[in-house]
Amino acid sequence: MLLTVLKAMAALASLGVIAASMLALASWKFHVEVDPRVEAVASALPGANCGACGNPSCFAVAEAIVEGTMPVTACVAGGKSVAEAVASLMGSDSCDVVAVISLRHCGGGTSAARSYEYGGVQSCNAVAKLAGGALVCSSGCFGYGDCVRACPFDAMSLDERGLPVVDIAKCTGCGICVRECPRGQIGLLELVAENAPVAVRCNAHNKAKERKASCSACCIACKKCEKECPEDAIHVIDMLAVVDYDKCTGCGTCVSVCPQNCIDVYAGASNSVAVDGAGKTALAESVALGAAAED
Amino acid sequence: MSKAAFRGGVHPPEHKEATAALPIEWMPVPARLVVPMSQHLGAPCAPLVAAGDRVRRGQVIGSVDAMVSAPIHSPVDGEVTSVGTCLTAGGMRVPCVNITPDAEQDLASFEPVPDGDVRATVRGAGIVGLGGATFPSAVKLSPPKGVDVGTVILNGCECEPYLTCDHRLMVESADRVIAGAKIMAETIGAKRVVIGVEENKPDAIAALRAAAGEGIEVRSLVTRYPQGAEKQLIWAFLKTEVPHGKLPAAAGALVHNVATAAAIADAVELRKPLTERVVTVTGRVARPGNYRVLLGTLVSDLIEHAGGFSGDVGRVVAGGPMTGPALADLDVPIAKGTSGIVVFGPDEIAPLVEGDQPCIRCGRCSEGCPMFLQPYLIATHANRRDWTSAGLFHPVDCIECGVCSYSCPTRRPLLQLIRLAKAAAMAKGAKL
Amino acid sequence: MKSNALRLIIPVVLTCMAAAAGLSATYTITAPLIAAQDKAAEEAALKSVLPEADAFEAVDAAMLASAQEAVGDSKVSAIYRALDGNGELIGWGLKVGSRGYGGYVDMVWGLDRDGKVTDLTILTMNETPGLGTRIKTEPGFLEQYRGLPGGFTEKDVKKLDMISGATKSSRAVRNSGIAVSVVYEAVLKAAGEVR
Amino acid sequence: MATISHFLLLFVGAALINNILLTRFIGLCSFFGISNSMNTAFGMSAAVIFVMMMASTTTWLVWKFLLFPLNLGEFLYIPAFILIIAALVQFVEMYLRKYSPALYRAMGIYLPLITTNCAVLAAATEVAKPGFFKMAMAYNYTLGEALVYALGVSVGYGFALLTFTALRERLDIAPVPRVLKGNPMSFITAGLLSLAYVGLAGWFGL
Amino acid sequence: MTEMNEGTTRLSVASSPHIVAPTTCTNIMLWVVAALAPAAIWSMISIGWPAVLVFTLCIGSALATEAAWNAIAKKPQTLSDGSALVTGVLLAMCMPPMLPWWMSLFAGFIAIALGKMIFGGLGWNLFNPALVGRAFVLMSWAGVLSKLSDKGWFHTLDVPATGSLDAISGATRLAVAAADRAASGGYGFSLAAQYQPLLWRNLEGSLGEVSAALLILGGLVLLAKGIIDWRIPAGYIGAMAALSWIFGSDPIFNVLAGGVLLGAFFMATDYVSSPMTKNGKLVFGIGCGVFNAVGRFFGPSPESTTFAILFMNGLAPLIDKMFTPRTFGWVKSDEE
Amino acid sequence: MKEWLRVFRAGLSIDNPLTVLMIGLCATLAVSSQVEGSLFMGIAVIFVLVMSNALISVLRKLIPSQVRIPIFIVIIASFVTVVDLFLKAFFPPIYAVLGIWIPLIVVNCIILGRAEAFAYHNKVWLSVADGLGMGVGFSLVLVGLAFIREFFGAGKIELLGATILKMPTGYAPPTILMMFPGAFILFGFVVAFVRWLNERSTDRKVA
């Protein structure tokens, strides 16, 4: 009995000595200095590897931030909270991040005229390459949802009219949708401050007559909004109503006067407003963008 | 001499019989011309005229100071109605000059191209690759220093179905083609000139052989699409591959279309700028044929001249059915690269698909691919918008010949997906 | 560095020693129980193939070794002499393992004084349920081995049927039988114990 | 000649016919975890081959010269063998971290999990204490046989892992029903693959 | 979408090319069925109603499963692509004539549901659906199947018959040959004398084994139509014949007997589950042949076609990876 | 008190080692062909998990991180050996069935995984709760799987020598369920089913 115990203890202990000394040797010989800050920053980043910042992965961003080649606000997608977290890890406290979301300037969808029968890959970028796109309107939304697919945060979806709507809670303002949209360069999608109260659902600058023929939901540059706006925050510039968000208070006057219903309450705004006018009250409660009533 | 060919490819029904035997005829000057300022690969030209200006046939009305570009000439005597934008056959919106031609036209007279050496003349005449690629010819004639281009290959394959404009040109103006070939060979110091014609055009081969002098080979090629693709043609004759990311000059060859050669001969010998081209109008039109058309003529006018539509129309294609863009609007102008107008009935075209057809992995696309790509793989990744994975399979090497989509039994829009992958890869810095 | 290394080694060694101590203690307690269980199981199996025997007596190691050497691939893990109430030798019990589908199939074979197979049983196996296990459940399969006469040969065994679909498992039984015939021939007969 | 064919059979038997992953259910955690990229699968296979060879040699020696002579095998082999393997694996991990950071990063948390890769323990125990895991090709292994067997098992592991990784590349882009996407589908595919391996059962009587 | 300008006809626009080859997926599948038809019909004529029943149930169950799956998953109906029909026919052809009716139904269900639809439908399955169905049935009811011969009908399938408890009379020629070889190292009958029955009328085996000649005919039709590539059948049959010869058996007998021809021409050539690269196809074919031959001579059962092809199906993606063609222009000097 | 309940329940549902974390698969797939074996396996795993979690948690401050793995594993291996010897001594028929898989409990990723992830960082009682939760979560799935496989694949369920459930006669059990491919495929469906249940319950919460 005792002999067995002793033998067993000796045998296992000797194996233990060998094993432990190997590891001791290894931990001394193969020691690697990893900057703990890189790990820390990496874990503070969203980890979606979305590439919005122009880096291949969040880990690479972490390395760049620690090296100092990128600012603490480098993560576009993470927004303010991530920037603050990273900043506190890096020991800097100044970070100026404006929360932004993506906005669509088109209310066409099923109201927009098609210029041809399209067949092929259901992608805006694909259709844009064919005879200028399948819409008569040269600045509207094709509605194949390249932005939706590109969104790394699953914040966009197509509504029943084939127009992208943004889930404000999920949108980080990374801007990938704008880059992905073949008409993003000409203002179809735009990043605006998260508390932007209203949105103009048109992106056309051609003659009002032409565009009325191509889409029944467009801005007709009638200037009613411009005239009625109590804050002087909306102007028809280059044949299109444009909101000045610095002045806009979200009173909703423009929304109610627009004969085309192409101005929308942007309900994600914290100061969501009740809107007067027939049938438009519900707008204030609608969660998604682009819920403008259709004729 | 054994028939040369490349590896891969397909042989779609040719449909050339409707126009192959018809001589080229002039299309009368139309009532209006829309001359786009971008008829070549590269930066678009800036219009040099304004509304109300009188223009002479052959007068330069648009130019730009970029290396890869070609000036635009007025095809007629007339008055500039306006300067605006128009849609090109390729679907781009570009600046254009609208001209109302004079009632009286002398198409035989024109402003001559200013004197200069061959390259300057070719450039001044606004000559670009007339096969459809519209690469400025003067640039091609100036290979980089240290590159020895030993062979000039003239491409008379016309491997696209339906089209016969090059065929007719070779038959009717073989001497111009040969003259152009000689000029080019002399300019770049090439020792060898080969003209490749698909074996389905024996009359063209005979005409060229008759016109060819010493030192010019006219060789017949296996009739197989895309025989006329630059890299494939070089392989067929020289058995060398143009290395990835390099110009054909790197393989010691210069490839020009036969129509380009004829235009170069006209420019050098007659100082004639490029203001018209031969266009095959075929398919569902009343009078199919090959028409010599002033650049800037609207497709609608051309179709009307060809007798209008003869039956239900599904799709109108500018160029051959394998590579030409489909037109959404017939009021687009004929440009330097427009080799044909093919009118298809709704039953003659590939069915419209959604893009999510399954791949049954039959391998026809990769078997036919003249670039030995694996189109199904690129397309599968592209369909999921996984550009990184798609980029691993060399989409930038795609020559967009369309063999993959043509041969796909489930009708997947392979080429369209590959184009997307190619664009994505190039946006990331991949080079052609 | 040295003290650092010791700091790593000592906890490991202590754990090892504690574990070893605990385990040897457990083993010391359970070992007799395990042995008893094994013995009981084996006796039961032997009894089932040699019901007339009252006691079983293992042969010496040398004999077992020579038996193992003779059979080659299969494993002869034990040979018992079966004794009747008077201590007379009435037969042998052989524990043989041979390779089946899911590892070794361990069987016990009973032979009488003439070398005739009195009975056989499968002790443990890991064959595919419903398929390989048919060697146990298929009526008539094991029975056909019963009564093989003394001095039966490999050829005799190979004449017996296999279960289609469970070839590998059946083959384990067949090889087991072949091993028994070899042991009988090369060891038991050679030892002069056979009547 | 006989020896060569003996070793060859031992190898084929261990690698293919009794493939440890697909016919024995051993080593599955890392199998599913690591089969999502070809590079990692390759690295993991190499690591397993290396660790398994080392571990088998060591356990064989420990059994032969320590546990068996001292009669401690019955109750000490589990801690003893696993201790050896754990130390070895951690040693390899530290080595990789130092000299091949890319591989280290690619394998992530799975390297430490080689410790808990049953395949290594099973093979290493099998060669030392044959018959126990019922993977037995023999009742006793010489050191040479032990090495060939361990090589066979680990190469079989790598082969199955690479095969499965290539399958998963196609699987991952397939439009499978949403609830089955990912792991469930991996299991089903592994099931079909193991169905194919059933056909190997009983070859050469192994 | 057309509410804006009703009445005006719009042109159709799509990416080039605008013409397509006439071959469609349905087309290909129907050709495969057509190529199988002579052998299938001949087997029904030779064997009679039991064969008709197996065909009906396998095909019906395959089609019904696909239709039901699409309906439940709310996906567009895909029956018209013809792939389920091919699976059903192939499945029936690798089944024994006396298959219980419920097994036919189950096999069809498994083949389509587990073999194909679960992966996302046509084009995504990793293994040949018909073989998945067959292997499943084989593994599930090997016991039941092995007893079919009790009923005086044909003994068949991979289930080895060597030294069965039953008389060997119902066994396939291949099984008898294997048993003879195992027992005495030689053959108890002339293998060459078996060519004629195997070619024309062989009732001992699965439905697809009735006439080797008609299978060859079908295979040649598919080759001539360019539907299958020569590399897989050539590799398969070549490797099988060569190894049979090396292992001291009759190559022609071994190619004609069992599932080799059905497998080589119709199963291994399944587009979806075989490699797409040319060299990959050759390697795949040879792999199938080697597996089949080694399995036949050294495995427990003389038939191993099913598992040979399934095994190689599993390897196909890896093979494709190894034989990726070089892109035109990517010459060696370019790699610097 | 509440804390432990949370930890315990996590093991059953959201962190279930088998259906969610996908660890400890080898034993699951192999042993689950019989309910009886699975029950004992479950108990053995719970025992080892709880004991090792407890001991490691007690000793966690004394274990240097560089050598923690060898130490953990020796501790776990010791408990496994205890189970091994215990089964051998008192339940030989069970041991005959489980034999191979008992030593492999050592390398069951659940145990080392929990030691690493939980016990090394948490208080003793929490670690015990975690071990219990994980062990029970494991056993439930294991026994459930075994039930399906044995009942449908063998047509009956046997427990300690007695048949407790039987399919009607004429049922031809598909033996594939008892074999490797069947185990994989069935497990795939079980995982999918659990995922579907989870999704449904979260959907309901949202709605």
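Lettered A, B, C, D, E and F in written order, each chain numbered from 1.
Keep in mind that, in the parts below, contacts are C-beta pairs under 8 Å (C-beta built on N, C-alpha and C of every residue); 3 or more make two chains touch, one makes a residue touch a chain.
What you are looking at is a predicted structure, and each value in this text was computed from that prediction instead of being measured.
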Task: Minimum number of chain-to-chain touching steps separating chain B from chain C - done: 2
Task: Chain hops separating chain D from chain A, counting only touching neighbours - done: 1
Open item on the list: Spelling it out: a chain qualifies if it touches chain A and also touches chain B; which chains qualify?
Closed with: D, E
Open item on the list: Among the chains here, which has the CA centroid at the largest distance from chain D's centroid?
Closed with: B
Open item on the list: Quick check: which two chains are joined by the most contacting C-beta pairs?
Closed with: B-E
Task: Centroid-based (C-alpha) most distant chain relative to chain A - done: C
- [ ] Would you kindly tell me how far, in whole Å, the mean C-alpha position of chain F lies from that of chain D?
- [x] 21
Open item on the list: Between chain A and chain F, what distance separates the C-alpha centroids? Give it in angstrom.
Closed with: 43
Task: Interchain centroid distance [CA atoms averaged], chain E/chain F, Å - done: 40
Open item on the list: Measuring centre to centre with CA averages, how many angstrom lie between chain A and chain C?
Closed with: 71
- [ ] Can you tell me which residues of chain A touch two or more of the remaining chains?
- [x] 4, 7-8, 11-12, 15-16, 19-20, 23-24, 27, 115-121, 126, 129-131, 134
Open item on the list: Residues of chain C that contact two or more other chains, please.
Closed with: 8-9, 11-12, 15-16, 19-20, 23-24, 26-27, 126, 130-131, 167-168, 171
Open item on the list: Where in chain B do residues touch two or more of the other chains?
Closed with: 325-329, 351-352, 413, 416, 419
TODO: Report the residues of chain E in contact with chain F in the complex, numbered from low to high.
DONE: 114, 136, 139-144
- [ ] Spell out the part of chain D that touches chain E in their complex, as residue ranges.
- [x] 38, 162-163, 166-167, 169-171, 174-177, 180, 185, 188-189, 192-193, 195-204
TODO: Would you tell me which residues of chain B are touching chain E in their complex?
DONE: 10, 12-13, 161, 231, 235, 241-246, 313-317, 321-330, 342, 344, 346, 348-352, 358-364, 366-367, 370-374, 376, 394, 397, 400, 402-403, 405-411, 413, 415-416, 419
- [ ] Name, in rising order, each residue of chain F that touches chain A in their complex.
- [x] 66-67, 70, 74
Open item on the list: Using the touch definition from the top, list the residues of chain A that touch chain F in their complex.
Closed with: 12, 16, 19-20, 23-24, 27
